[in-house]
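Handing you this structure, nothing more for now.
Chain lettering (A, B and C) follows the sequence in which the chains are written, and residue indices restart at 1 in each chain.
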Amino acid sequence: MKLEQVAALVGGSLSGDGSIEISDVRGIEDAGEGHVTFVSKKKFFPLLAESKASAVIVEREIDTNIPQIVMASPMLAFAKLLNAFHPETKPKPHIDSRAALGQNVTLGTDVTISPFVCIGDNVSIGQGAVLHPGVVVGPGCRIGDEAVLHPNVTLYRNTILGNRVILHAGAVIGADGFGYTPDETGYHVKIPQIGQVVIEDDVEIGANTCIDRGTVGNTTVKQGTKIDNLVQIAHNCTIGEHSILVSQVGISGSCILGHHVVLGGQAGLADHVKVGDQAMLAAQSGTFRDVESKSAQGGYPSVPIMTWRKYVTLLPKLPEMSRKIRDLEARLKAIEKMESDS
Amino acid sequence: MKLEQVAALVGGSLSGDGSIEISDVRGIEDAGEGHVTFVSKKKFFPLLAESKASAVIVEREIDTNIPQIVMASPMLAFAKLLNAFHPETKPKPHIDSRAALGQNVTLGTDVTISPFVCIGDNVSIGQGAVLHPGVVVGPGCRIGDEAVLHPNVTLYRNTILGNRVILHAGAVIGADGFGYTPDETGYHVKIPQIGQVVIEDDVEIGANTCIDRGTVGNTTVKQGTKIDNLVQIAHNCTIGEHSILVSQVGISGSCILGHHVVLGGQAGLADHVKVGDQAMLAAQSGTFRDVESKSAQGGYPSVPIMTWRKYVTLLPKLPEMSRKIRDLEARLKAIEKMESDS
Amino acid sequence: MKLEQVAALVGGSLSGDGSIEISDVRGIEDAGEGHVTFVSKKKFFPLLAESKASAVIVEREIDTNIPQIVMASPMLAFAKLLNAFHPETKPKPHIDSRAALGQNVTLGTDVTISPFVCIGDNVSIGQGAVLHPGVVVGPGCRIGDEAVLHPNVTLYRNTILGNRVILHAGAVIGADGFGYTPDETGYHVKIPQIGQVVIEDDVEIGANTCIDRGTVGNTTVKQGTKIDNLVQIAHNCTIGEHSILVSQVGISGSCILGHHVVLGGQAGLADHVKVGDQAMLAAQSGTFRDVESKSAQGGYPSVPIMTWRKYVTLLPKLPEMSRKIRDLEARLKAIEKMESDS
């Protein structure tokens, strides 16, 4: 690809020789001759001087002796170019004879069903969907167009996946919610979980992540949301559009998240918590109270992130503070004694 | 079902017209005409006034113009009615020809073995048990009556499951405990894990949860205990009867939990910790010390829950406390100086 | 085995009757007649007096009336003897006809391929390797000699496993890293993840653990490292040699760990964190700053472990400290008033 083609592809404006050949795209630390690279943060500019990259994508024009492409999001250009230079190889559509299909299974065109896939009755699978080996689809599920289910994914009955949903290996969608109630003898009676899970279009879900079905009604993950590995989403939650849930997040039952919410790794929500649009929770934080839209919080129980950042720097000073209080007490007592004596 | 039948089924006393037809049971927010609903907490009573439900189950008689059923646990009634109106459909018993069975496998009556199930030698499976697709059962395992193993569950060799045990998809029971000892060169030598896992009757285990085998001797989960998704239980633990372990809990090796213990989500125990009967640990807390029976703790390291609740509210005030101490010091110094000058 | 043979096997020096018969090895609490036991910590010596063990392995000669074997690491002796008395039974090598093999698959001698294993094109598997049922190996993977892949493990394309690597059930190696960048409309565009995962020799990885492929370049786990269950390792991390990652640890993208690092259970690292050789992080701690070699840290954000231990003991005293500050303020104010009045 010529550099001018690269510029056109990413929608950026080029300054420099557009006729040079570009063979690949790389991060700033790995880029060599023939590569276009990108710099999205100021702190990486020094690396550019030492780089052998043949061209660079930047947010604003910079002082450099190699050709540059200027565009609003160099990272977005990077994503587009990775796709262009390393197009994903989709398996050739086929229904493997070693798969087990139930009754009344509807398959769109160009579907791939791999060996040892097991599909229950009354399932529909959209065109171009790929089911990798070991995937198990319970009865009544509906899988959208171009969905990809990686190996050993399990969908319990009646789960609904939108178009272009990606489920990574070992993800479990639609297991029973964790609901019991004690009887008179202290024995936990299972509350039947008769709801389902609905995953909307363009959602990606990480490896070994678990999303439980609703008790009654749905657990819903809305359009465009991305969920990392080993995340837990309990029954009857609603996760809003375009949210980001980092690895090992745990969300208790009946939580409602708005759109563009970001939960850092290992963060946790108690049940029935509402998190407003565009709110952010730092890694390892937790809350049992609602979180306002556009707020950023940290700690457990979580507080505004600047409050949290300030108090954690003081934690190691607690012993000193404690000593000072004792010292002040002693000195004040001495003065008080003096005053009363005089 | 007539309302009088509903009342009889849940064992409650009815006031109002018992002849009305009830078609389903719903939570207070979803209930409509023909539905019986339930209210178990005072704060939901206002919702009842707006509800279109045809009848309500309550703990004590209330002032309402719809028929009511009074019984000790409305939640328990809800569980019973969900079972009545939405009976679970068990797959028709059959041994699928695409399953792989080892030698000397003993199957009870009415067992279901799905496609791509793999069963090792010398395994026994009790009557009415259901093994969903992709389940792998190691040699020497014993599975009780009416047990349900959801898709892609793995049992390592010699695992024992009681009656009515439910394992959700992707659960791994009996993997090697995490035990090594360094040799002279700093290389970690694996300590063979020759013990096994015993899961007693009526235990339910969540999706992708892991319970490791004992090094020597057993890891045991006792009767009636319920374990959520993505929980880790290390080698040689004993989890007592009727306990509740919420999602992402982590329990290190050789811990001993009593009966009716409750561990909140993401809570952690260091190794060799004993947790007494009916003790409770809050979500995200952790402890490396034993926890007394009937106590409730929070924080890390955990302390009595009221102590924890009090100190966390003061954390955001640390900067102010620190400033005040500095201020007190300065003022005290001024007074001391004055005293010494006079 | 005679006791003198036991002593020779573990490389220890024997005092006492070497001709007695030893039938098994046990921990101090379980040892009975005919058993050799071991004591590695002083606190367990009292248990030895009550034990029926026929011999004991200790670090230094002790006062006891049973034969003893002295060697540097009794725990290492325990590991060796468990192996001797309970040798692991490897399945008889065979390629099951119910497995699905792609094109150009190279198998070493004595390989075991179980039922319902699915192997992609251009895969090579070293001699003596064991693939348990339900394992899925993507195209282009290389698996070393004597590797063991437990049931339902998934390797994405181009994953490389060294010799004697052990992957426990449900582990997912090589899923896409969690990388997105927003476009102008707030939609998350997936950054293609074209790198791979390299697991070096003698690494053991726990059940349902996830290790993501690099965006560009590799995610690497170096020789001899042991990883527990339900651990998350994100894209482009390097985990150094002989490290120990306890269950539910979460490591964000591009972290670099040295050799002999130890991360306690549920600990977390933010992205791009460097952890020096032999550094240690306590359970449930977290850091977004680099950790120096040989340091031990705790808390979140983590601080030197002694600092952390000191301040956490003061947390429950915060209410008292707060009260004292208020009290000091009032008393000081009274004195100040007096001074100004006089």
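The definition used in the following text is that a contact is a pair of C-beta atoms (placed from the backbone, for glycine too) under 8 Å apart; a residue touches a chain by one contact, two chains touch by 3 or more.
Everything quoted here is computed from the prediction, not taken from an experiment.
**Q** What rotation angle takes the CA atoms of subunit B onto those of subunit C? Round to the nearest 5 degrees.
**A** It works out to 120 degrees.
**Q** Is the contact between copies subunit A and subunit C built from the same residues on both sides or from different ones, judged by whether over half of the numbers are shared?
**A** different
**Q** Between subunit A and subunit C, tell me the centre distance in angstrom, where each centre is the average of that chain's C-alpha atoms.
**A** 25
**Q** Got the subunit B residues that touch at least 2 other chains?
**A** Residues 116, 134, 152, 170, 208, 230, 248, 266, 315, 317, 321, 325, 328, 332, 335 of subunit B touch two or more partner chains.
**Q** Name, in rising order, each residue of subunit A that touches subunit C in their complex.
**A** Contacts found on subunit A: 26-27, 30, 72-73, 75-76, 78-80, 82-83, 86, 88, 96, 98, 114-116, 132-134, 150-152, 166, 168-170, 202, 204, 206-208, 224, 226, 228-230, 242, 244, 246-248, 260, 265-266, 283-284, 312, 315-319, 321-322, 325, 328-329, 332, 335-336, 339.
**Q** For subunit A, which residues count as touching subunit B in their complex?
**A** For this pair, the touching residues of subunit A are 100, 116, 118, 134, 136, 152, 154, 156, 170, 172, 175-176, 178, 180-184, 186-192, 194, 208, 210, 212, 215-217, 230, 232, 234, 248, 250, 252, 266, 268, 270, 286, 288, 299-301, 303, 307-308, 310-311, 314-315, 317, 321, 324-325, 328, 331-332, 335, 338.
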